[in-house]
Each structure stands twice: as structure tokens, then as C-alpha cells.
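The block underneath contains the structure these notes are about, expressed in C-alpha cells.
Chain IDs A, B, C and D follow the sequence of writing; residue 1 opens each chain.
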Amino acid sequence: MSDYGKTFESWRGEASEAWSDYTRHAFVEGLRDGSLPRHSFLHYLKQDYVFLFHFSRAWALAAVKAGTPDEMRIAASTVDALVNHEMPLHIKTCAAVGIDESTLFSTKEEQENLAYTRYVLEAGYSGDFLDLMAALAPCVMGYGEIGARLAIEATSEEYREWIDTYASDEYQQMCRDVGALIDNAVASRLGALENSPRAKTLADRFEVATRLEVDFWGMGLRG
Amino acid sequence: MSDYGKTFESWRGEASEAWSDYTRHAFVEGLRDGSLPRHSFLHYLKQDYVFLFHFSRAWALAAVKAGTPDEMRIAASTVDALVNHEMPLHIKTCAAVGIDESTLFSTKEEQENLAYTRYVLEAGYSGDFLDLMAALAPCVMGYGEIGARLAIEATSEEYREWIDTYASDEYQQMCRDVGALIDNAVASRLGALENSPRAKTLADRFEVATRLEVDFWGMGLRG
Amino acid sequence: MSDYGKTFESWRGEASEAWSDYTRHAFVEGLRDGSLPRHSFLHYLKQDYVFLFHFSRAWALAAVKAGTPDEMRIAASTVDALVNHEMPLHIKTCAAVGIDESTLFSTKEEQENLAYTRYVLEAGYSGDFLDLMAALAPCVMGYGEIGARLAIEATSEEYREWIDTYASDEYQQMCRDVGALIDNAVASRLGALENSPRAKTLADRFEVATRLEVDFWGMGLRG
Amino acid sequence: MSDYGKTFESWRGEASEAWSDYTRHAFVEGLRDGSLPRHSFLHYLKQDYVFLFHFSRAWALAAVKAGTPDEMRIAASTVDALVNHEMPLHIKTCAAVGIDESTLFSTKEEQENLAYTRYVLEAGYSGDFLDLMAALAPCVMGYGEIGARLAIEATSEEYREWIDTYASDEYQQMCRDVGALIDNAVASRLGALENSPRAKTLADRFEVATRLEVDFWGMGLRG
């Protein structure tokens, strides 16, 4: 099993059906066996660039809401990883097919894209650090889980670069760091998760965000 | 013509296609001629109750971001109108068919519903008072426009109570008050809207929110 | 004893020294025996008008962060009470000595005033509903406690109108309502306060806000 | 003259008296000629560590509110510079006199410290990107201006390390980058600053934050 922390394990367990719909989505299987049409992938990639811009904003919000220097450092590092490593990969891949960054940034947001990022940001603004973490976790950890699995199971080289990004040691380490961050944040704010009245609210947030990931893949396929 | 202010006129003009899709939607025509299936209306009403809860939160955010006592008073009055007048109507209508408030409040949010309210709230949190107004205006004024038109054009009594709510003097006055609030807020922050670099961003926000209204009606029909 | 809820009792107990400095401040004693110079009172009243504007924004933020219809209703009612009842009293009292509302609103904020309201608002924005409640409680309940005591102990009629405002049944009821709101919010989010890892953080917030009240009285005396 | 951008020049010009009180404060002169008591410097340094934690949160909020990838990158880099370069210097200097980071982090915030950081954060939350920039600028650019001047005028080696930090090429470059960020943000949101109705509000924010810097030095001297 992955080692992304016990809070994540609990949330994934409670959202198991949605989690499976997300991490075993037809889009993902298309990345695995190379059958995903290139135009769908490019449509996804352009939307994902806009997604990452807002997702970076959400991680910056985690830094704003940090309660300790450690929380601050991990959130700030994650923003840096997104802005200076993950987004440039999108820029590079798109540049290779003739799409420059300003075109990317002005991509018209699909409704599934908008729904997801605004849900995450609003959870962070209206709730606390944990509400934000529960909404951020499905994307971070789900891509880690998909990357790790496809690195083993892929039967095509077509989407190898994408797979390698999320299967990489750096990305997997980030998932473990974020998992530990969440476990510590739960401990210092709620104590034992299972005894907290907030357990259900947080698990619900995680599940809603997971469902929004499913819609995002669907949007990709439609492109 | 309605008299909801010149900023609203400008925004509506720039989003005319989306505005027409919204205010002339099949759902609206079903309210007009009574052909809307009752179960669709109830589905809509339950979702709209959850919508109004978040929409009230968004108007409360306008009070938080108020720059003058007048902005504060209008925003606070609007929250009061939503919480103590518009929501109770939903509660009453639903109670009549055996749905109580706690059931209403725990209605599972459809994705179109979630997308819309989180978009509005996030616009308010991340932007300024005007970003929030541009995202709030389509709902407030669109319902005013629809109510006023259907009060004249309705060919059925089936949805008369709904129509009367939004055609009422009170609701129409609220639309004019909000329109004046927006005009004043633009004048004191931007000067002439047409000369401001933010004109396009704000018009875009209005159009995106209008499109989310179109999706909301579509969700209603699906129910 | 007052009946402002058990969470408030706990917070007040942990901040007892600060609470006494606040509720037994020389400014308060001057209201009681009428020895407070009129110019100090007017200085305080003008600052307090600006304070109430920002304090109303903070209560509106509580409505934004409400998790249930009940939390929404109480927060919205409190905004209404502040904007439409407490602030008009300040406007009326100041008008009687020739200060109009626009002069009031443009009063230059003293640093002690700014420090307090921004602390409360930031607690609400960065934290959750409970962080905001812990920062709001000292003002609401402290004025209730002072008003109730001075209604009995005052030896002068000089500041009777001020005393009556906070000793009134309406204000005392608001304190009890807010106290119940806080008790319920703690129960639904933390369970038993004394077992929660957040107990200390929340008590600290309450104490910091109480200290900022002490500074506010000191600012009043200086005027 | 420094080259921190034309918006900054304009704001500094309008707040010239407060700016002089800040950048020519007795605390600063004590750093210049080495007469500042060591215990005052250490008191300042401990408070400044807590300040930087919240100031980093405020820069992270700028990333949340970024409207373009460029605004995002500069804000994210500034958070990184604060968290991974400026704060470690404080930790190192304090460690040398036996104060570890957890002691530093639990330093009881002085009221002048709290007032300043909450003012900046609240400006960012309630306003827009420009409100936040106007509140952040006095600290960033003031330290740059002080560092550059003292590097030339210092008559003692006592506080050389502090001076060198802010006189350094890296820090001066950051001031220029932030100045350009602000100029661009004004252009894309307001057009010409001098024609905007917001010019006065923004200049006021800058002046209030500058006055809070003056109070911060005063707090340092008191220590």
C-alpha cells in the first residue's frame, strides 16, 4: 500500500466507491494502455494548466492558514513545486504542440474545472486548515496513487512522461509529506479523528472533492 | 425596461446570449405555461434551498467587504430578506408536500448547484466588493426580470406563488436597490466603468455566473 | 451569575485577571459614578462607532462561516441589531452634540481600535467559526456583564442611557443567545471543550481579545 | 534614489512625514551608530520572528489573490525568501544567544506587533490584491531603504549583519521586483493611479501601515 498517512487511509476508505471511480476512470485506463486520444489529452492538459493555477492558489491559502512554522514550510514548498515544477511541465508539453503560456492561461475554463477549484478554495476560506486539507488531498494523493500504479501497469509508452511525473520519487515524497502534514494537523486540532464530531464533515469534503475529480476526467474525455 | 441600474445594463448587454439562455430557459417557460413537471419543480426547490443558504453566505460576505455604512446596510438587509423571507417560502412550500427543514438542509447538493455557489463565494473572497457584486447580480436581477415578465405572460396558475414572489414590489425594489448599490460601488472604486481596465474582468464574471444559472435550470429539469 | 453559557464561563475563568482589568476598568468606574469626563466619553463614542462598523463586518463573517441555518439566523440577527439598533444610538448621541454620521465614519481610527477589530476579523478569516466566536465573545458578553452590574451599582444618572442599552432585556437576551450559539458550535465541532486540543488556542484568543478591550478603554480615557 | 517603482514613490511622497518617522526612527539610528542596547535588539528580533511568520502568511495571501502567473510566481518566491532565508537568519542569531525556534515561535506577541500583522492580513482578505500590496509595501521597501542607507552611513560594526541582510543585492532586487509587481498590478487593475478613485484609499493604507512600523520600532526600544 501507499504510505500517505492514516487520515488519508481513513478518508479513502469512507469514499471507496468514488475513489475507485476516480483512480480507475476510463481516462486513466487510456493513459495506461495508450488508447486515450491525443486531442483528449491536450484538452485535459490545457484545462489542467488552469486547474493548477487555482490549485496553487489553494496551497498558498494553506500557507496563509498555517498554524505552525512546519505547516508553513510544507505548504510553501508545495506551492513552489506546483508553480516551478508541475506547471512548467504543462507549459513545455503544450509548447511542443504550438500552444504558448499566454494561450494556456486564457483557456476557457470548463464548468467541471471551475466547480472543482472553487470548491477547494471556498472550503479553505470558509473552513479551517483541515477543511482545506480534506479538499486538497484527493488530487495530491490520487495522482500519486495513479502514477505509482501506471508506472507498473502501463502497456504503452504514449503517456510515459505524464506517468513518470507522478510516479517520480519527488512526487511520491510530496504525497508522504502531505500525508504526514495532515496526520499532524488532525492530531493538534482534533486529537483522535475517529472521536471527533468533525470526522464526518471532513470525510464528506474528501468525497465531494473525489467526485469532482471524476467529473474532471469526464471533461477530459469529452474534449 | 427594468430599472436595475446602468452597470447591470452594461453587463447584461455584454452577456446577451447567455442572458437569453438563462431568462428564456425551458425551465422558465415551463413555469410560465405550467408545463413544468411538479417533480422537477420540487427537485429545483430543494436544491434552491441549499443554494439560498450559500447565497445568503455570499451576501453576508458583501457586508464583510462593505466600504461604507450604506453598503453595509443594503448587504445586511439583503441577508435578512433571504434568510427571513425567501428561505421560509421554500420551507413552507416543501412542508406542504411533507419535506421538513432538516431534510431540506441535508439535500445532497447537485454538482451544478455546488459549482455556482462556490464560484460566487470564491469571487468574493479572492476579489473585492465589485467581483462579488458581478457574481451575485445574475441571480438577483435575473429572477427579478423573469418574475416581472411571467407576471404578465403566464398562461397557467400552477406556479403563480413562485412568480408572485419575484414579481412582488418588495423583490423588484430589492433589485433596484442592489442595482443602485452596484452603480455607486463602481463609481467610488473605478470611476467610469467603460474606462476601467477591470471592465472586462467584471463583465466576464457576470457572464460566467449567468452560464452557471443556465446549468442550474438544466439541473432542475433533470430532476 | 450571568447565564451566557458554559463555554463563556470557561473562557472567562481562564482569563480572569484580564477579564477583571476589562470589566472593572477606570473607564467603567467613571461610567458608574459619573466621574468620566464628557470629552473622554465622546472620544470613546466616536471610536466606538468606527469599531461597531468593523465589528458588524466580523458578525457578518460569522454568517459567512455558519455551518447550519440556526448559526446563520443568529449571526444575521446580530448584524441587524448592530447596524440598525446599536449604531443608530451612537449616531443619535453624537448628533445631539453636533457630530453627523459622515464625520463619525471618517473619525481617524486610534491604533488600539484598529488593533482590536483587525485581530477579530483576521481570527475569523484565518480560523474557523469557533476562532471567530472566541474573539467576538469578550465584547458582546463583557458589555452585557458591565451593563447588568452598572444598572444596579450606578451612583449617577450621567451615563444612564449608555448603561440602559447594555442592561436592557434585548441586549441581555442577545448575550444569552450568543452564549447558546457558542455552546452548540463547540459541541458540534469539538465535542467536549475540555478534551479538545483546541481548548487552549480558543481560550488564548478570548484572552487576547479581552486584553484588547482593556487597551480600548485606556484609549477612551486618553481622549 | 531607490528604484522601487513609481507607485511606491507616489505612496511614499504622500506619507512623507510618517515615512521619515519610520525610516529615521531612534531604533534605526541606534542600529547605525551601534548605540541600540543589545537587549532591545533581541526583544525586537524575537518579536520580528513572530512578525515574519504572519508576514509570510500575508505574502502567501498575495499568491492566493494573484491574477496572473507572474503575480503568482513573485508572491510565491517572496514567501520562499521569507520562510527559507529571512526567518532562518533570525533563528540563527537567536540560537547564538541560546533561544531556540520553538521558544521564538511561542514569544508572546506585543500589541504593536499584533496590530500590524492583523492589519495587513485583514486588508488582504477584505480588499483586493492592491489593498494587500499597499499594506505590505512599507515593510518591504522601508527595510530596503534603511538597509541601503545604513550600509553607507553606519559608524559601528555592532549591527552589521542585520544591515547587510537588507542592503544585500538579493534584498534590493526583491524590492525592485515587488515595486515592478505593484506598478503592473496598478496598471492592469486601475490604469493610471492618479486618475483612480482608489488612489486615496490605497495611499491611506500605505500610510497606516507605515505608522504601524513606527509603533513597531517603539515597541523594540521599550524591550
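In this section, a residue touches a chain if its C-beta (ideal position, glycine included) is under 8 Å from a C-beta of that chain, and two chains touch if they have at least 3 such contacts.
Owing to the predicted nature of the structure, the values given are computational and were not obtained by experimental measurement.
Visitor: Kindly list the shared contact partners of subunit C and subunit D, in label order.
Guide: Shared contacts of subunit C and subunit D: A, B.
Visitor: Find the chain most remote from subunit C, comparing centres computed as mean CA coordinates.
Guide: A
Visitor: Between subunit A and subunit B, what distance separates the C-alpha centroids? Give it in angstrom.
Guide: 32
Visitor: Roughly how many whole angstrom separate the Cα centroids of subunit A and subunit C?
Guide: 42
Visitor: Could you say which residues in subunit A touch two or more other chains, in rising order?
Guide: 57, 64-65, 121, 125-126
Visitor: Report the residues of subunit C in contact with subunit D in the complex, numbered from low to high.
Guide: 57, 111-112, 114-115, 118-119, 121-122, 125-126, 208, 211-212, 215
Visitor: Sort out for me which residues of subunit C touch subunit B in the complex.
Guide: My answer: residues 53, 56-58, 60-61, 63-66, 68-69, 72-73, 75-76, 79-80, 83-84, 87, 101, 105, 121.
Visitor: If you look only at subunit A, which of its residues touch subunit C in the complex?
Guide: Result: residues 64-65, 125-128, 131, 187-191, 195-198 of subunit A touch subunit C.
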